[in-house]
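Look for subunit A in each of the two complexes below; its partner is subunit B in the first and subunit C in the second.
Moving on, here comes the complex of A and B:
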């Protein structure tokens, strides 16, 4: 029983948290690709940027969270999302739109986004340094230990407040996104433009408005994912480099341009990661008396050492590109 | 006075002009058909009228207003609709959503228009919630025309609406074009099946190498032995 609780803590909770973060990032990447037809490499930096904005707001009003009984950074999240969305629109207008209007090829836009990545990272380090920070300034991280009503389970399910918030936020975001894409005029126009941009234009769809909406969704989800990730772990200026690969893997696994695919891909990559670094020796422990004398159980038995976690999305990415380049949901082939 | 007046336009895709002086005029409520051999500039003429490529010389007037080189979005608002030859539906959107996208520029209640289009194209009513990409070629063409009619346009431009359809669907589409026209919409269409198309046309324009070759009523052109010999396959 204790082993199962350990599995829930280390795999179920961790997988849901990681998957939620990846899903929110991957939806942004996939939507930008669906509408603007280029791989937006600066997406990880929109996440870092959003997290730093949330951090700055938390530092400015460190006691705001107490009013709601929530972490201050979470209370500041709507403001951080709005500001990041505005910045995303500004970045598009400054760096990507001029290229689009000159009919630049997608690869040129990809390179421009690499430039934006370097720029944002440089600016963040310039103003905020390179150190790791905690998003909790005037408060502590709440940790819940849930006791199970079983005799055998002495271990408790451990979940932190940020982890609960991540999962709940991702669920609400996914439902809102579905509602937006299928029920609203602008959401349908987004899907139409993803399907057939020329026809969208000659149907009279306001494509500029669709592009703006895309950045609003991508930017605000990036800010949310970045802030929630920093709440769960810590705020680091190099977050984006570590998160970019899993997010792209998630978007591609799900089928590029398919928002639901990106959500599925996010959880797939998230769970693959936690399952591959999980110490399976612990689950085998109850069988030790049976195996005694047959094989000796190692104390640590994982597919991948934790430090090499990042290879997991990379392997998934390569496997998908080799065997099913369109992804699970049949997206656009890059 | 004519409703659509194209005066001696020159246009192309950036390189040399494909249209080297095309003129046509259409009165309100008429069906105009553009026919001619491959590469004559038929589709190019239609695209130039809808602002999809740059007109370097000449003028296009809609109801007396100069609309030369106006953007498609403005032309939709001015009462024009265009049905491209290929990729003319949003495949992952349902039939109903395709029609809603046709009405994107409308801020009023267009529910009655959806009803009218379902009355016009009955097969679409039962497929309303199916993705348009799953429909047959003929039904997709109906979705495409339905989408274009959602704005209640005064001028409908159709680029080879029967391309790739079986003969059965072909005559069905021609019947629909006539019905749309009878409901008060002026139609300008490009057609490969010139004989059938000219039979329903009030005005016919036969182009060759980017210029007008023959112009007349549909019946006149069909009766002209030279047109028959050169362009209608004997």
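Moving on, here comes the complex of A and C:
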């Protein structure tokens, strides 16, 4: 039983948390892909930027969280999301729209977004340094240890407060996104523009409005994902390129332009990462007495060493591009 | 008749810039900078044909540079006798045999449908065979790798001539490019950027952590040179000889590319880039041609990276940075002019000087800021201000990319419209 509890701690909880973060990032990437038709390389740094805004707000009001009984950074999340969304719209107007209006190829926009990602990185490091910080300034991270009502399970299920918040936030975000896309006028306009931009324009849809909404959703989800990730682990200024690959893999696996696909892809990539670095030998431990002398069980049995975790999203990406370039949910290829 | 006034003026300015560096910092330093700039020029030529000739966005130049550098270490570093005199080569060979057997079994499993196995079942069997083979091979490699690290450090090189190492570096980079290109070309253009970004990070992780193969973060040095080293003939002469070698290589590469560009092959490439549909309708195999140019560009990058790391004499996998080895090169080619070989060489030589000089300049500037801040506002500067000053250059690189893309998409030395083909003047060039 202890082994199963260990499995829950290491795989189920970790997979749900990683998956939620990736899903929130991938939804933004896939929406930008669908509406603006380019791979937004600055998304990882948009996440870092949002996390730093939340950190700055937390540092300004370190005791605000105590009123609600939540981590301060989480209380500051709405403000950080709004600010990041505004910044995303501003970045679009400064750096992407002029290129779009000139009729540049998507790949030029990809490059412009690389330029933007370097600018954000440079500014963050200039003003905040390169060190790692904790998002908890005036409080401590709550850790819950849940005892199981079984005799055999002596280990406890361990889950931290940020982890619970990540999972809950992702669920709420997914439901509100669904409601927005299917029930509101702007949401429907977005789906129309994603399906056929020319037809959408002809039917009188305000494309500027749709582009703005896209950046609001992408920017605020990125800020939320970045903040929640740094609440769970720590605030690092250099996560962008490492998180970019899993997010893109998730968006492509789910089918480009498919928000639900991106959510599914995010969890798929998250769980694949966790499962492939998990030490499977632990699950075989109970069978050791049975197999003694027959087969020697290794003490460490993982598909990928932790240092090579990044290969997992890459392999998933390659597999999808080879066998099903449209992704699971049949996204756009052009 | 095209005139070359712009090129002559720009290169004259460049010569003045390099002359200033030589007089201010001395010949040894100036030579070092020129050699490094020429190595970058070779990489930039590789990138400019990918981006300028074919419009392929390679976001992982660093990966190809690192592959080239590693191959030159493997081929030309002196052999490690502590490794060869033990039983470890044999054990490593056994692991290699396991790997070959595993690969063959997996490949065989993918062919099972020929024997009448349903294709779904075949896929399942193939995936499971592959996973099992992978686990067995990595389990077999682990103890061998650990023993090599403990007893011999790493496997060392083969002690072959350095230039052979550069060729091998180019070939290995080309092989990886072929693999990536086969998968991604023909899908949307952004996918290649994503995949190359991923492969660069994976190559770096591999080189950093496979200590038995690369010595990892312990670094390998001193790397042998293809010309007499500074210890044998002194700094100035050693570097001058290296400079001559690199200058020859860059000029040869440039002349060959220029010739190819004017040949029917170059015309076909331009046709594909400018109007893919029309080129395909004329019977050109667009994806195949793109793959060709992607591999060719990566070969140049691998060779350039090998030359660069050989010159620094130290192979440090942690020293490969996306900023220095991918985005700096991007700035070089888009500033120089995409699709213009002369522009790429000019961009590499110019941007590299500016980049190197920006380090002391940034430190000086931030020192001034610190002084002023303390004197006027009593501002206590953070302790890591110097490292932050260097990071500020990241911002400048990003700003340059976005500004050039927006205001001067053709670069400083734009691609010249060549002879025969009358081209539409209002063509969007990016």
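Here is the rule we use: the second predicted complex is superposed on the first by the 333 of 334 C-alpha atoms of A that agree within 3 Å, B and C clash if a C-alpha of one lies under 4 Å from a C-alpha of the other, contacts with A are read in each partner's own complex, and residues count from 1 in each chain.
The criterion applied here is as follows: a contact is a pair of C-beta atoms (placed from the backbone, for glycine too) under 8 Å apart; a residue touches a chain by one contact, two chains touch by 3 or more.
Worth saying up front: this structure is predicted, and the values here are computed from it rather than measured.
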Which of subunit B and subunit C A:93 touches, first, second, both or neither: neither
Touched partner set for A:192, first subunit B, second subunit C, both or neither: first
Which of subunit B and subunit C A:248 touches, first, second, both or neither: second
Touching partner for A:202 - first (subunit B), second (subunit C), both, neither: first
More subunit A residues in contact [subunit B versus subunit C]: C
Touching both subunit C and subunit B, counted on subunit A across the two superposed complexes: none
Touching residues on subunit C, where the partner in the complex is subunit A: 55, 57, 59, 131, 134-135, 139, 183-184, 187-191, 193-195, 197-199, 201-202, 205-206, 208-209, 322-323, 327, 330, 334, 382, 384, 387-388, 391-402, 405-406, 409, 428, 430
In the complex with subunit C, residue positions of subunit A that touch it: 33, 38-39, 41, 95, 98-99, 102-108, 110-112, 114-123, 125-126, 129-131, 241-242, 244-245, 248, 252, 256, 298, 301, 303, 305, 307-308, 310-311, 313-314, 317-318, 321-322, 325, 333-334
Of subunit A, residues touching subunit B in the complex: 185, 188-189, 191-192, 194-196, 198-206
Sites on subunit B touched by subunit A in the complex: 50, 52, 72-73, 76-77, 82, 84, 87-93, 97, 100-102, 104-105, 147, 151
